[in-house]
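Both of the next two complexes hold chain A, though its partner changes from chain B to chain C.
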Partner chain A sequence: MDISQSFAAAIGLILGGDPAFLAIVGLSLTVTLSAVAIAAFIGLPLGALLALARFPGRGAVIVLVNALMGLPPVVAGLLVFLLLSRSGPLGPLGLLFTPTAMVLAQTLLVLPIVIAITRQLTEDLHGEYREHLASIGLTGRSAIPTLLWDGRFALATAILAGFGRASAEVGAVLIVGGNIAGYTRTMTTAIALETSKGDLPLALGLGIVLILLTLAINAVTYGASRVGARFAG
Partner chain B sequence: MRDTLSVLPLTVTDLVFEAGGRRLVDGIGFTLPQGGLTVLIGPNGSGKSLTLRLCHGLLTPHSGSISWAAADGIVSGVKRHAMVFQKPVMLRRSARANILHALAAFGLSRGERTARAAEALERFGLAGLADRPARLMSGGEQQRLAIARAWALRPQVLFLDEPTSQLDPGATRQIEEMLMALRGEGMTLVMATHDMGQARRLADRVLFLHRGHLGEDAEAATFFAGPASTEARAFIAGDLVW
Partner chain C sequence: MLTKRHLLGATTALLALGAAALAQDTRPAATTAAPAPAGTRFITVASTTSTVDSGLFNHLLPLFKAKTGIDVRVISQGTGQALDTGRRGDADVVFVHARAAEEKFVADGHGGPRRPVMYNDFVLIGPKSDPAGIKGSRDIAAALTAIQTKAAPFVSRGDRSGTHQAELALWQAARIDLAATRGTWYREIGQGMGAALNTAGGMNAYVLSDRATWLSFRNRGDLDILVEGDRRLFNQYGIMLVNPQRHPHVKQADGQAFIDWIVSPEGQKAIADYKINGQQLFFANASDTGA
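Now for the complex of A and B:
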């Protein structure tokens, strides 16, 4: 099968609504969206807190979080693997090679991005708002809801960046998920496997969906910044 | 009616504020009674803005005291002094939402917030701009909104830090008229400015600051007729003072 035939077959897979194909796409989205939701829930307040708090070693924490944005997915996978493996501290939960383990690993990847970008944005915004907020009695942590709300469009970009990273990575989900067909097989792990097996149409079809997803993320990011500009001036 | 308890007079004694090893406010003291518009005037770096921020509680003095008739200028849990800044701080929200936010920070009920915001927008001629993103309004509109937002908090004392220094003459006049109206209603105003013309137009009382010291504290008429200090005389004459 040459490449043009593979492409045609790939398009057929996408348009045909093959259940196995859709299941892979569905699992990928479920895992990544869950990870992003958890990372946002934890990372937004934590990032804002890091922006406002002053404590010894704060600079080191910021450097560490920024550095973790570049945490290699395979290393994140390895850490979660060690945590969940039978002899690991969370081994008894029996979560290894489940979608839950994949969510956990991707959360670990997305969290530093959300914390780091939130910290930077909130700190800048606080510099601008600080005196007014203090004037109306919103000092310290009580300023956080205002800052997160007013930074919402910029923060959406942070979350989308996290989504982009998680949806594209293969190392972490492969290690902790195991690429079990119909259970823990995601778009990226399936592409890796099918390409090595020579099943190019499936790999290509999933690749096209991934690229469309990336395009959609960027379109939404652009839209968010445009809407934000209308409010922010 | 505990709410009618006054936070005035404000007594400031031997106020000292230092930053970076330099003494920027040096032994300033004055008493602020109810009513009138007091102008803090002096060249850049004379300590006007710092003095306002110290009084409003945004900065902590190195030494000296700021003593309100009610502790911290708070009566029944409500802060009775507000502040308007040189560059208005506009939240990334609509004009109305900017006012609602401040009222929410004061812990008012939803109904009370809505009513007060509508009243403030109406009073300061912003009703037509209520849903406009605040940061897209003109400089004059933004400063009017900042005053409306502060007014909605029902302060007894309003501190203003050079509120018109970045505005054109038309917008400046609008703001000045509003301040005169607020004074007429019994609000106590304390404004920093380095605009001598504005001080002449508005001031009931002048505090002349010079290098962190209180150079003079006089009735406006007395001050402009003939200041006692050479620095103030030079400043009025438009000379540079150091």
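Now for the complex of A and C:
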């Protein structure tokens, strides 16, 4: 009963084109994709560096990064909240309860995933092609761009894992965004709000739309990597 | 879209974060102007779940915006958390319902003066089967005593919200020492009003709710109002500007404009006009200086 209502609600939301709803979807995508882009920009080179560099305490850093993949969103949110609060060290920036704060919190969540998976993939790839890379004069860190390029399709999975984590989480964006209607309300915080209002069919309806969106993004990435792989031959 | 600006802002903040981590001093290296958030004039109001979940703000804010051009960004929290948000300077205005806590907030210099705005009332919700046999009573203390005696399940907000503080005061009024007598029948969930109602519905428990949230709540299941009308169930709301001396970034003029409008005849009429299914949810009483 309730679940069929939810599908009806989801279809109504998708076909209805309500501007407030579209703004929520837009903000969710903007925040999450921004966080994933920043995390990829920082995390891919850092992960590759961690794969190739040898320094004391490297093992500890790897364990730490791997463990941070399990950082609870609510903890990441609290950390960013305390940093950005007017009474915190970055208070003067005035960023709390803004989409920027949400991007920041989600970047913290995505970054360890990108670094950890990139590190593992690059290390494996490097082990396989070390001699070949050396023969064309690429040793040590100079091999990083080549390794990242060769591993790009596998690395897309690292980025998708990060995207999945960011798009699904509610704890961090709720704390640092404040779920302000029309400004920091995302799909997941809207779901939490409708649940607390007791409108469970609408809440689940929003959830169905979110899952469909995630599905679409994964499908596009998969399609793109298949096409890319064919051309890369 | 806003992508570029968000990216830029987040990158700036990340860099600043790194700088702050490097500096021994905990003060940020750069206090340059923040990227101005989208929109024009806005204030941030920390308020309670009851005013947001009941839809009151959806009714009031367009009227205020049309009159002044000021956007109001509302964060819905429990009263205790909303006051904390004001205390840290993360909101310009606090609009809550727990008079004692509000007066302490003002006395401690975090903001004020406190202006009474409106009231609604609390109702005791419970399963229609009513295992404690309290339906129709107008005596909240007797009803709570019956619940405790029968050890009937009771869901408490447990989140320092205005409703939670009111609930604790009512147990006290019933001369029940919760610390000594509470058992598994008393279930603190530490969540908002809607979550408490969902939980009570799921476990056939009693729960104290503000009437506004109850009236707009959609997942009632087997729950109903069992006790109402006791004057101890009165629920007063107050509004305060966060102290601009303590937090210089507080938007004093625009925040005060919102407060002035809420307590003006126009704002008070807007509050009184808000109805769900023909039922008035909040009763404006800004002129009652004793409230």
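Definition applied: the second predicted complex is superposed on the first by the 203 of 233 C-alpha atoms of A that agree within 3 Å, B and C clash if a C-alpha of one lies under 4 Å from a C-alpha of the other, contacts with A are read in each partner's own complex, and residues count from 1 in each chain.
Everything that follows uses one rule, which is that a residue touches a chain if its C-beta (ideal position, glycine included) is under 8 Å from a C-beta of that chain, and two chains touch if they have at least 3 such contacts.
What you see is a predicted model; the values in this text were computed from it and never measured.
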{"item": "Touching partner for A:T195 - first (chain B), second (chain C), both, neither", "value": "second"}
{"item": "First (chain B), second (chain C), both or neither touched by A:S135", "value": "first"}
{"item": "First (chain B), second (chain C), both or neither touched by A:A35", "value": "second"}
{"item": "Touched partner set for A:A224, first chain B, second chain C, both or neither", "value": "neither"}
{"item": "Comparing the two partners chain B and chain C, which touches a greater set of residues in chain A", "value": "C"}
{"item": "Touched partner set for A:V25, first chain B, second chain C, both or neither", "value": "neither"}
{"item": "Touching partner for A:T146 - first (chain B), second (chain C), both, neither", "value": "first"}
{"item": "Parts of chain A lying in touch with chain B, wherever the complex brings them together", "value": "128-129, 131-138, 146, 150-151, 228, 230-233"}
{"item": "Touching residues on chain C, where the partner in the complex is chain A", "value": "1-3, 5-7, 9-14, 16-17, 20, 26-28, 31, 34-35, 37-39, 44, 49, 53, 57-58, 73-76, 88-90, 191-195, 197-198, 216-220, 247, 249"}
{"item": "Parts of chain B lying in touch with chain A, wherever the complex brings them together", "value": "53, 56-58, 79, 82-83, 85, 89, 91-93, 101-102, 105-106, 133, 135-136, 153"}
{"item": "Interfacial residue positions of chain A with respect to chain C in the complex", "value": "26, 30-31, 33-35, 37-38, 42, 83-87, 89-101, 103-104, 107, 178-181, 183-184, 193, 195-200"}
